[in-house]
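What follows is chain A paired twice: with chain B in the first complex and chain C in the second.
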Partner chain A sequence: MAWRNLWRNRRRTFLTASALSFGFVAAVLMMGFMNGMMEEMVSNGTEVVTGQIQIHAEAYRPERSIHDTMGGREGLDVGALVAAAEAQNGVAGVAPRLYGGGLVSSGDETVGAVLMGVDPEREPRVSRFASVFVEGGMPGPGEVAVGAALADKIGIAVGDEAVLVAPAADGSTGNDLFGVSGIYRLDLGGFDDSYALLELGTLQDFLAMDRGRIHEVAISVDRVRDADPVAERVAVAVAGLSPDLATEPWSVFLGQLYFVVSLASAMNSVVAFMIFGMAIFGVANTMLLATFERRREFAVARALGTSGVALGRIVVYEGLLLGVVALAAGAALAFPLLAHIRANPIDLSAFVGTYSFMGSAIRPQLTVEYSFQEPLVSAVALLGTGIVSALLPAWRAARLPPADVLADR
Partner chain B sequence: MKKAAILFILAGAVLAAAPAAAQTDPEILEIIDEVDRMMQGASSAGSMRMEIDTEHWSRSLEMQVWSLGTEYSLIRVESPAREAGTATLKVENEVWNYLPRADRTIKIPPSMMLGSWMGSHVTNDDLVKESRLIEDYDIVISHDGDRDGEDVWEFTMTPRPEAPVIWGRIEQRIRKRDRMPLWAHYYDEDGTLARTMTFSDIRTMGGRTIPTRIMIEPADGEERTVITYVAIEFDVGLDEDFFSLRNLRAHQ
Partner chain C sequence: MNEHAVRTEDLWKIYPQEPRPVEAVRGVDLVVAPGEFVVMAGPSGSGKTTVLNLLGGLTRPSRGKVWIEGREISALPDKALAQVRLSRIGFVFQSYNLLPVLTALENAEFTLLLQGVPVTERRRRVRRLFREIGLEGLEDRRPPRLSGGEQQRVAVARAVLGEPALVLADEPTANLDSATADALLDVMEQLNRDNGTTFVFSTHDPRVMERASRLVRLVDGRVAEETVSGDAG
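Here is the complex of A and B:
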């Protein structure tokens, strides 16, 4: 009956359903854009250097003392640690790292730098260093790779020798000559002007540390959104190797970024709430008018013995059905649109430049990210809108005094 | 490097051969000048031991030291073998290190001046700043009289508004009878004690009375650096030319 009623005034039904569909499309798109931006921020924030999961000695952060290596002064079995992490489902890459602070010098120029010891084979699966070399490549034993800005500052090029000086773990001052293997440009924060990459074993020797001593294991995951469960699995897998390991997903060690992303996600809900809030009033208005137009129809139904409750129920069903129709139409429109934008991000570079924010470079383009949750929430909200906006008209319809209406009083 | 600078400067209770500072009491300048005269043009050559205790390691270095006044010093590590030949040259406000393994001389950049010198609790900045106390600080006598049975002065030094210094205040006790410094307390900008320098084993070495043991202790923790003079001679006839980059590199 409700279904047939909907088809009695097609124009009205079409308009109302369009409003709902449009609301649905708008909500899904808005949230898609937001998610796209957030995903971009998170991947850029985590894929460039940090990875999505990191393991440290518990004492390491935030001071990052050179002495707080995993497994304490004795270190641990780095190979076993890497293998254990690598074996976990969802892990894409595992890179052990060692850090030191020192000076990089060439000729008369000297600058302070973070010395980062990396495994040249494993590092590319976690960070982007290996793929952003302007010249040369990752450092082998006895070599160093530096950022473009640092290279400019002290005037070194690939093939030159650089002097490195750093306080070693035993209190002595490490100093040696290293061949420059490459110059990279990450275009991100301080990495180009104050980082120097060395092969892990080379840096361990330089800092008078054993092979088992590292500060960090950075892990990339297959899907960024799975970082938390993967981190839990990795934590369990490596727990036996040393009692003091802290395994953390990016939401912990990039707390600020996580905060911004969470905020954006909360904003998504507010946006959806506003869109459907407006839709509720629009649809309720239409339905109320319709109810008024259909007073005689309802009065006849009442006069023929339909109870007020049954009549109200029919109106609510109409609202629900309207929602279903609108949803079908909205989905038919929204998803191809999402797919299209995802394949062809909207380029905004004419309006804004690339922006670097909290270690995360944001490209000036609008892209969308698929997500199961937001369209579902929107769909439920849409159906809810249909029902809620039918409640008042239904109540009015149920309370119509049939005799008065029929008598045109 | 620190050794000579610290020793002489603090020993002289800020004896730097600097022009008289406008804000500082003439009486203090007189004291300083007196000590200064004792040190005036003094060149020295000696050897010292630096023992460093940190939470993570302890070690001991033997070094040779040359200095001229408070503006020039050259220090060369003799042992342990791994670091033998490592040398530091301080000329006025600049510090160079010679690194034997790399066979290179590097000038410490401004950003690293607060870094540790040779892993000790002495910073590169300490080396250059000690000779500038009288220019960077207003000095007043905060106590004049008996302390622990000794007739002493206590100086309080507060940085001048534009002075490029890291301390909020320095206090120092000087023994009157021989102008020997006993200790110096360094406070940060919040007025919290950051480190203590203690002078002891005052005795005659190379014909002069000097504190032969200087202990530097950060206020937090159990760490310390102790510098001990093994031998020193004064008026050894060094001039400014001796403190050159060429001599910094020279193996002897």
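Here is the complex of A and C:
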């Protein structure tokens, strides 16, 4: 009966359902865009340098002392550590790293820099350094690669030599000449003007450290959103290699970024609430009108013995069915649209250029990311809208006085 | 069986209205025996429809009491009153009041559906009654595709199929031509005779009055006269 009532005024039902469908599409798209932007931020924030998971010695952060290498001053079996992490499901790449602080000089110019020891073979699977060289390439033994801003500051180019000076782990001061293998440009402030990359073994020798001593293992994952469970698996897998290892996903070591993403996720619920909150008033108004037109029928049904609750239930079912119809139409529209935009992101370069936010480069395009959750939240909100919109009309239908209505009073 | 199908005692209905309240029903005492075919007649505004609404529990008396089969219904809560209407009272309205989204068959079986009668039993009872009252073949038509007489017969079927103790009919022939009205009254008389269903009509149609076993005349909300027909059952 509720279903038939729904189609008594097809035009009105079509318009009301269309409004709800549009709300569903808008909510799913808004959430998709928001998720796409957050995914882009997280991807860029973690793919450029940090990776999505990092392993350190527990004591390493936040001071980042040169002595707090994994496995203590004895170090550990780096090959075994990398292999254990790499064997975990969801891991895309693993790269060991060593850090030191020092000076980079050429001629009369000197700047302070972070010296970063990397495995040139493994690093490209975790960070973007290897793909952003404007000149030359990753450093080999006895070489250094520097950011474009740093190179400008001290006036060096590929093929030149730079002097590196740094306090070593044994208390001595390392001091040596390195050939410049390449100049990169990440377009992320700190990395371009104050980082110098060296081959891992070269930096270990320079800082008087054994081959088993590293500060960090950076890990990239197949899907950014799976970083937490993958980190848990990696932590279990590497726990036996040293008792002092701390394995953390990006949500821990990039806490601010995680906060922003969490905030955006909460915003999704607010967006859905606002969209469907507005829809409730429109749909309730339409349903009030529809039930007012049928008040004589309700009075007859009451006269025939239908209880007020049963009558109200029919009206609520109508609201629910309206929601189901709108959901079907909305889903039929929303999912192909999401798939299309995901495959063909909307180019906004005419309006805005690439920008950097919280250490993450954001491209000027709108793309969508979605999971099971957003359409589900929107669907529940839509059906809830249908039901809530029907509550007042249902209450009125349940309470109307049959004799007065039948007498047109 | 109860001694009375319907009994009222000092029944009043007063509508609050400015500048002064309207006394639509004023102290009506009425007793209807099971199986009677009672007609309430009177001019417009005499209170016929209001009395019917009070008997059917569609509105509550301002004063006085109503019993249906010995059970006082005037003070029942809404839910219990709805249950009484569903199980013991059938209604026939002047303007048919069929539900337009339902077919003739579905309209007729509406009370049976509410009573929880299984679908096969509902359909069997509807089809049998439709055969008896000349509605066979019209089961799947919706109200707009039925004539006035057909619609009112469906309404009568709806009123009696739940096997109520009492059928209240408010001006059931008012919108029908003579032949159709006679045919409809034949149907109701037949149901009264064959099933012992009690009918209480409100009307100013002489054709209905002629068939009454008892005629109750209302004037200004009071019973002015009661006449028992010579061939009353």
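Definition applied: the second predicted complex is superposed on the first by the 407 of 409 C-alpha atoms of A that agree within 3 Å, B and C clash if a C-alpha of one lies under 4 Å from a C-alpha of the other, contacts with A are read in each partner's own complex, and residues count from 1 in each chain.
The rule we apply is simple: a residue touches a chain if its C-beta (ideal position, glycine included) is under 8 Å from a C-beta of that chain, and two chains touch if they have at least 3 such contacts.
A quick note: this is a predicted structure, and the numbers were derived from the prediction, not measured.
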Chain A as common anchor, with chain B and chain C clashing or fitting: fit
Touched partner set for A:300, first chain B, second chain C, both or neither: second
Partner chain in contact with A:4 - chain B first, chain C second, else both or neither: second
First, second, both or neither for A:402, with chain B first and chain C second: second
First, second, both or neither for A:340, with chain B first and chain C second: neither
Touched partner set for A:225, first chain B, second chain C, both or neither: neither
First, second, both or neither for A:211, with chain B first and chain C second: neither
Lowest C-alpha to C-alpha distance for chain C against chain B (Å): 80
Footprint overlap on chain A, where chain B in one structure and chain C in the other make contact: none
Of all residues in chain A, those that touch chain B in their complex: 67, 73, 103, 105, 108, 110-112, 163-165, 167, 169-173, 175-177
Interface residues, chain A side, partner chain C - complex: 1, 4-5, 8, 296-297, 300-310, 401-404, 406-407
Residues of chain B that touch chain A when the two form their complex: 52, 54-59, 80, 82-83, 86, 97, 99-104, 106-109, 111-112, 115-116, 118-119
Chain C residues touching chain A - in the complex, by the definition given at the top: 49-50, 53, 56, 58-59, 78-79, 82-83, 85-87, 89, 91, 93, 97, 99-102, 110-111, 114-115, 158, 162
